Amino acid sequence: MQQKSILTLTKDIRFEGYMLVRMSEQRTGSNGTKYLDITFADCTGELNGKLWDGTVDPPSVGSVVKVRGVTQEYNGRLQLRIEKLRPLDDTDKVDMNLLTPSAPENPETMLAELTDTVKALHSAPLRSIVEALVNRYSEKLLYYPGAQRIHHAERSGLLHHTLGMLRLAKAVLPLYPQLNAELLISGVIIHDLCKIEELDSDELGIVKDYTAEGLLLGHISIGVTRIGETAKDLGITGEPVLLLQHMLLSHHGEDMYGSPRKPMFPEAEMLHWLDIVDARMNEIDMALSKVPPGAFSEKVWSLDRRLYQPQYDRLDSE
Amino acid sequence: MQQKSILTLTKDIRFEGYMLVRMSEQRTGSNGTKYLDITFADCTGELNGKLWDGTVDPPSVGSVVKVRGVTQEYNGRLQLRIEKLRPLDDTDKVDMNLLTPSAPENPETMLAELTDTVKALHSAPLRSIVEALVNRYSEKLLYYPGAQRIHHAERSGLLHHTLGMLRLAKAVLPLYPQLNAELLISGVIIHDLCKIEELDSDELGIVKDYTAEGLLLGHISIGVTRIGETAKDLGITGEPVLLLQHMLLSHHGEDMYGSPRKPMFPEAEMLHWLDIVDARMNEIDMALSKVPPGAFSEKVWSLDRRLYQPQYDRLDSE
Amino acid sequence: MQQKSILTLTKDIRFEGYMLVRMSEQRTGSNGTKYLDITFADCTGELNGKLWDGTVDPPSVGSVVKVRGVTQEYNGRLQLRIEKLRPLDDTDKVDMNLLTPSAPENPETMLAELTDTVKALHSAPLRSIVEALVNRYSEKLLYYPGAQRIHHAERSGLLHHTLGMLRLAKAVLPLYPQLNAELLISGVIIHDLCKIEELDSDELGIVKDYTAEGLLLGHISIGVTRIGETAKDLGITGEPVLLLQHMLLSHHGEDMYGSPRKPMFPEAEMLHWLDIVDARMNEIDMALSKVPPGAFSEKVWSLDRRLYQPQYDRLDSE
Amino acid sequence: MQQKSILTLTKDIRFEGYMLVRMSEQRTGSNGTKYLDITFADCTGELNGKLWDGTVDPPSVGSVVKVRGVTQEYNGRLQLRIEKLRPLDDTDKVDMNLLTPSAPENPETMLAELTDTVKALHSAPLRSIVEALVNRYSEKLLYYPGAQRIHHAERSGLLHHTLGMLRLAKAVLPLYPQLNAELLISGVIIHDLCKIEELDSDELGIVKDYTAEGLLLGHISIGVTRIGETAKDLGITGEPVLLLQHMLLSHHGEDMYGSPRKPMFPEAEMLHWLDIVDARMNEIDMALSKVPPGAFSEKVWSLDRRLYQPQYDRLDSE
Amino acid sequence: MQQKSILTLTKDIRFEGYMLVRMSEQRTGSNGTKYLDITFADCTGELNGKLWDGTVDPPSVGSVVKVRGVTQEYNGRLQLRIEKLRPLDDTDKVDMNLLTPSAPENPETMLAELTDTVKALHSAPLRSIVEALVNRYSEKLLYYPGAQRIHHAERSGLLHHTLGMLRLAKAVLPLYPQLNAELLISGVIIHDLCKIEELDSDELGIVKDYTAEGLLLGHISIGVTRIGETAKDLGITGEPVLLLQHMLLSHHGEDMYGSPRKPMFPEAEMLHWLDIVDARMNEIDMALSKVPPGAFSEKVWSLDRRLYQPQYDRLDSE
Amino acid sequence: MQQKSILTLTKDIRFEGYMLVRMSEQRTGSNGTKYLDITFADCTGELNGKLWDGTVDPPSVGSVVKVRGVTQEYNGRLQLRIEKLRPLDDTDKVDMNLLTPSAPENPETMLAELTDTVKALHSAPLRSIVEALVNRYSEKLLYYPGAQRIHHAERSGLLHHTLGMLRLAKAVLPLYPQLNAELLISGVIIHDLCKIEELDSDELGIVKDYTAEGLLLGHISIGVTRIGETAKDLGITGEPVLLLQHMLLSHHGEDMYGSPRKPMFPEAEMLHWLDIVDARMNEIDMALSKVPPGAFSEKVWSLDRRLYQPQYDRLDSE
């Protein structure tokens, strides 16, 4: 029987299943008794739990545990009164997709679509550079998230976002014949690869923090340097290198969003908009996933607005 | 024989052909002699001319004249020393497309594609409202430009821009199944219709100025009101009206660009993006049309940057 | 005997009287006992209370109850230990003005002053439009607040604010003969009427939330549409409609405050300033009401500053 | 016979009368002949003139001359071909009000209204300080303009603006009983007095430039210092001084407009509003003075908008 | 034996020593028992403590007490379970430097360096003004902090900051011969003196709040007035006064940081940068003091960034 | 005899000497005669000249010519009526320092001071990287300007600016012992080196335009890449590379000035400050060079203010 997801839990519910440990500490209550304070997570949300037993060691953060208990309300928030808690053993079969948010497509399939596109590029210099960069990061690309929060913060989210943009680019290209398809596609594929150097993610796609390089340089500056190094290794110079570096440098659109240059040619401008639209659609989708038709979300800080879930069924009946 | 276009003229060239009169005045030189000072235009640019004959009446602004003369340089700028100038008569066959910038597709064909799309909408309330609005403005829609300057400032430019967005919407919709296609398409078609009330354009697509309504209210506020009136006439209330009004209100994205509301549901956000992308691609295309490969444009003020014309041929050879 | 107001309560005070229920929930303490957690309010403030009795049903939010108890301090905040709590019965005589903040004048008298002013307008088109709009909203205008928070957040506050501006307009008009009095007065009366469609208020003037129309369109856009509809119904077109719509559209002064147009004629500019000054005087008055002479308020966020209560008596003695 | 005003001149008009000299220089034409190049002004505008006579000395800037000539158009602008030019002699009777813009009321009468108000103040410390400051500047106050440009840039404009605010204050005070009338009135009277130290104006109210003190310190900082000095001389300390200094410091409302403090008590806030309203009404009045009903002004840079002259007669007829 | 500093305390440590009382209140627990809730401080940080004895009076805020107890963890934060608490008596020898942060140099020595520099000024007017101002504030200058928070928030911090800038000025002057050394040095010494009127600090350098003058006028406006008064008393007028007043007025660089004038001559510009660099170095130093090599601080709000502690030892070995 | 400098020329002066050609074109006058229109320059300014001889070929831009003529005023501006003009021949001895602005110190001496400092660095990785970069650019460093305009726009200006900062760093370091001197000095030396790839300058230090790399990437991004490549070539990795790259990336201080990262450690912050101070002192020096004591400059756009030349002599006498 499949375990209940955290999102669906209410008061006074018995729960048994696997959960990811996000926070875990032994504390002392005001009456002196020791207890475990744990924050669990599955792919639908988080839940705090207490185990009133001073003899149990706190499980390590990032591990998966089997847990049993009853939900109760405390100060208006749901909490799990833990009855039993143990680490995994060999008999446990855990479906990790239930515990951490993951991209909705298979990573290997997505990566194959990406590399097939790379191989089909006709421009030798573009193909060589892009291929080298994808190879450099391909292993981690399988599971890296797109961000720590905000959009595509899920296992394989970086790949998911890149592929979303790639399909969008292919859909849009026939409408703007002035765009060089090879250049745009190359830019799409490499634009965020260096997030893999910027973020410190485990294989579940959970980001602990930024790396030192990520904080001191950022994925955009790292990326420009990596294109330069790669091209130098391959003996490629001039226009292809310069165009790719500019596209990477300008893909956030403005200095206040981390791009020291605005897009200066059509493919760079389009890359910027593909990035925004794919990210926004994902972010709005997430934010509205729990909002019923006719209602508004709380304010979404990253978008600086409340969102509305339209009553689509009324488009026909009224 | 086809006449030379202004863009191609250089010093000491004999010109004969039709031109549009943009400015026309009789002046007195420092030596007391009277002369005509005229600014001509064709679809590629403008050219100043002088006719040193005090007896000729200045042609009216907005008219087309036949003119003959020789180009010369004065203070570093090209000028036409006019030898002969006359109004059109019945024998003249003028191709207006050579004199004013026009959308690259036939207006009737474009309008047909638009109205076919409207007829194919399944949602009765959306279709009724959109149909009524398109009918209201269809005659002027055939020639109205998209703006006074900046992007799609050309005969039938408004239709051209709307259709560009419509095709883009259709290309993008399969990638985002969460979007309601009918709602997005309806929003695209009506989003800028009230520019017809905002701008005062002649049938050549040349905007003399904004209208009083355009300056005091703007096309967004006029549009929201027109949707309201139209729905009231049709007896439609509630969700479809509210959603369309919000999409129109928010399609510029932010208050600083004239939208008092940010897009609050996915179709409104996508509409905003389609609008920007189509406008930007057109604007960049125009700005780069005279820039040779490997060179930069002057600063484009509306984009706050210089643009670069890539050397696409080097993507293969280097 | 009149009940004590919440503002005057201190520690260890016995309270008996009527209070408005703002929040009401049954909770379970850490020791498992159930209790009621209620937030009470009167027109001077709010007070949290606990009833340690698991058998009492929580009263409904928005209702008035009779309550008895003793104040005590908990974590530095005052709290009511509830001894008895019951709903109203027929014998209770509650003065609602003690429970919710209300405008300092009688609503019917204020409305009469407003409608008398409307009737005295000489301009037929202005009078017809303004009269129709006031009639449309007059019932709710009697109790609607001016805002959810900030200024005039009180029963009949919208009417209070409108009347304050109206009197100010009449005081100011003799000094600026270039202003058209009829136009300015008309603008004042209708400028905020559509807050009645924007906010969802009960008859006590307490706003639960914004309406969907309020969030998706805002009272300014709704108002422009309502003027248009009303004028159309009355067969009025042209200048009077356009001027009123612009005044409404521009009365917040700038796009960053929700006005997509800045005021473009003198009456629109004056309307904007009348609105600000009446709102500000009310807001500052509220914020300083609890500050003794010579002291400063905490930072008032909506004004982005601390306020000072002057020692007026020292203006003579020093 | 009254002379023609510059505003009313058109091409080929004979002019004879007095004009103020704004610019005056001897130049050499391309053919080597010397001529006088003069810019004249009256209270309605400016006019350039040429005197083709190398033997005439250029009149001094700021002087009034008698001039005769004929208007002609040169490069689309009106110009005066000067036939005769001479300085004033004893027989000339010049009405300076025709030559420079002046406040519409008599300066002595305005100053009397101001000083009467000061004498009527009951608060001894406020009256003493305000009286001392008005006395200090009263002579120059008779003719100083309110600004170099923008609003009240006219002879006695500073007095005109101050009196406008004073009357406005008296009209508004009955509506806000929480305001201390004496404090507000004192603030109004002294708020801009130190513009007399900031600007370098001649007795016609024409500002040549800012003074060094004006540029390095500004009238606000000078004013705060002058209040301090004056109070010290009078032996007044504490609240009255502090309140007046804060009102002066904060009357521009925000740091970006030169006020390092926002208004922190009600009279300071009201002072700020009175200042803006009176200045804006004057500025809009000026800008619309040449715009016919139903038309728009050019963009007014200081207001960042175009202005509209309403068709007030249509408020009744439509 | 020296007492343990708060920064070094961990769980279950016995503490005995002197501490400063920052907050002190008697509270009632949920079970009705009364207890003391005290926040202690030494120069390394703060620590909350509880004394479970309803009969002990709360010590006064700002006093020093002798305290004994054991640390424990409560809700993840360290707390002191107080066993004994008493006020100081004559036998106690308290080193105040251990209890409050102090500048790293002796105040008297620092003041002497400052006054020696003043005496060495050759310019009579500058020296007289600066000397008078330093004398006016010298007593409080010995202990005043540089700010309530942010930088140099320590006993004698104002003197420390001023001296830091003075030494920096002397180091920098030889490189920019265009700078007038006397003027720059004078500006440095007086630039922040009026913080003594702006802040209300006790002799330990702890700021309770801003003064009324500080909030209503600010140290910059107070300072400009004090220079004016001082110069008037000394009979000095013109350039020296104007230059000093401008330097003080502009030393925050921009209106958004409280300077209504930008620096307009070289010494004013340099003063602004000396102020920033000395403050920043101090602020960064503080923020990094607890960050180990290779790690990042939390976001420092006043600097709007995280800080990094470099691994300096790797500059040689790698 | 030394030739007259352009700055000192007035009307009706005979000039003979060498000048740099900035602009050069053959034009046709309104009467059909051809003439040469040339803009000359020396290190003090520019001067337009006309040669009324249709047979002379225009000299090439950037060349130096010998010219003779007489100054005259035309439309209020000085102009040279050229009598004779010829290219240089072998007998001409031109002191280029008179023709183009140059740094006040000898380039070779300055470069020697720089390289000596590099050699004295103890940190092997820092020294290797800095040495390799200086070597890479040392030839062009001898003459490159610091910018196209604004500050240090002079021959060898980049070296001059770098050396100014280096000396400033050495003066400041003793005051902040927490700073790592080697790191700061390394950052100073390389921070602007890649302006040599960003700007296209001739050997006179005159910048024709930005390079394509300069416009598409900017000297900051190029610099980060060059550090990376250089370190890779040298086999250096980790902390030294990361710190240098961050210092370069952040030396403009904020994203709005082209730095995608704010300085995150003390040396990076100090580098930013040294850069601003040295640039500002140079810029203010230039702007004030023609302003007499007691006067103000016109508005300096890059500084957004007018500047004042103090009357330093009054600091003693008043």
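Should a chain be cited, it is by its letter among A, B, C, D, E and F, assigned in written order, with residues numbered from 1 in that chain.
To be clear about the criterion, contacts are C-beta pairs under 8 Å (C-beta built on N, C-alpha and C of every residue); 3 or more make two chains touch, one makes a residue touch a chain.
Quick caveat: nothing in here was measured; it's all calculated off a predicted structure.
Each step here moves to a touching chain, and the least such steps from subunit B to subunit D number 1. Identification of common neighbours of subunit A and subunit F yields B, E. Shared contact partners of subunit C and subunit D, listed by label, are B, E.
Counting the residue numbers that touch the partner chain, subunit A and subunit E have less than half of them in common. Centres computed as Cα averages put subunit A at a distance of 44 Å from subunit C.
With centres defined as mean CA coordinates, subunit F is found 62 Å away from subunit C.
Centroids built from CA atoms put subunit F at 41 Å from subunit E. Multi-chain contact residues of subunit F (touching two or more other chains): 212, 215-216, 243, 246, 264, 296, 306, 308.
Contact annotation for chain pairs lists A-B, A-C, A-E, A-F, B-C, B-D, B-F, C-D, C-E, D-E, D-F, E-F, with touch applied as defined. Considering their complex, residues 72-76, 294, 296, 306, 308 of subunit E touch subunit A.
The residues of subunit E lying in touch with subunit F in their complex are 122-126, 164, 167-168, 171-172, 174-176, 178-180, 182-183, 236-240, 243, 246, 262-267, 269-270, 273, 276-277, 280-281, 284-285, 288, 296, 303-312, 314-316, 318. Residue ranges of subunit D in contact with subunit E, taken from their complex: 212-213, 215-218, 220-221, 224-225, 228-229, 232, 242-243, 245-246, 249, 255-256, 258-261, 264. Within the complex formed with subunit B, the residues of subunit F that make contact are 25, 27-28, 30, 212, 215-216.
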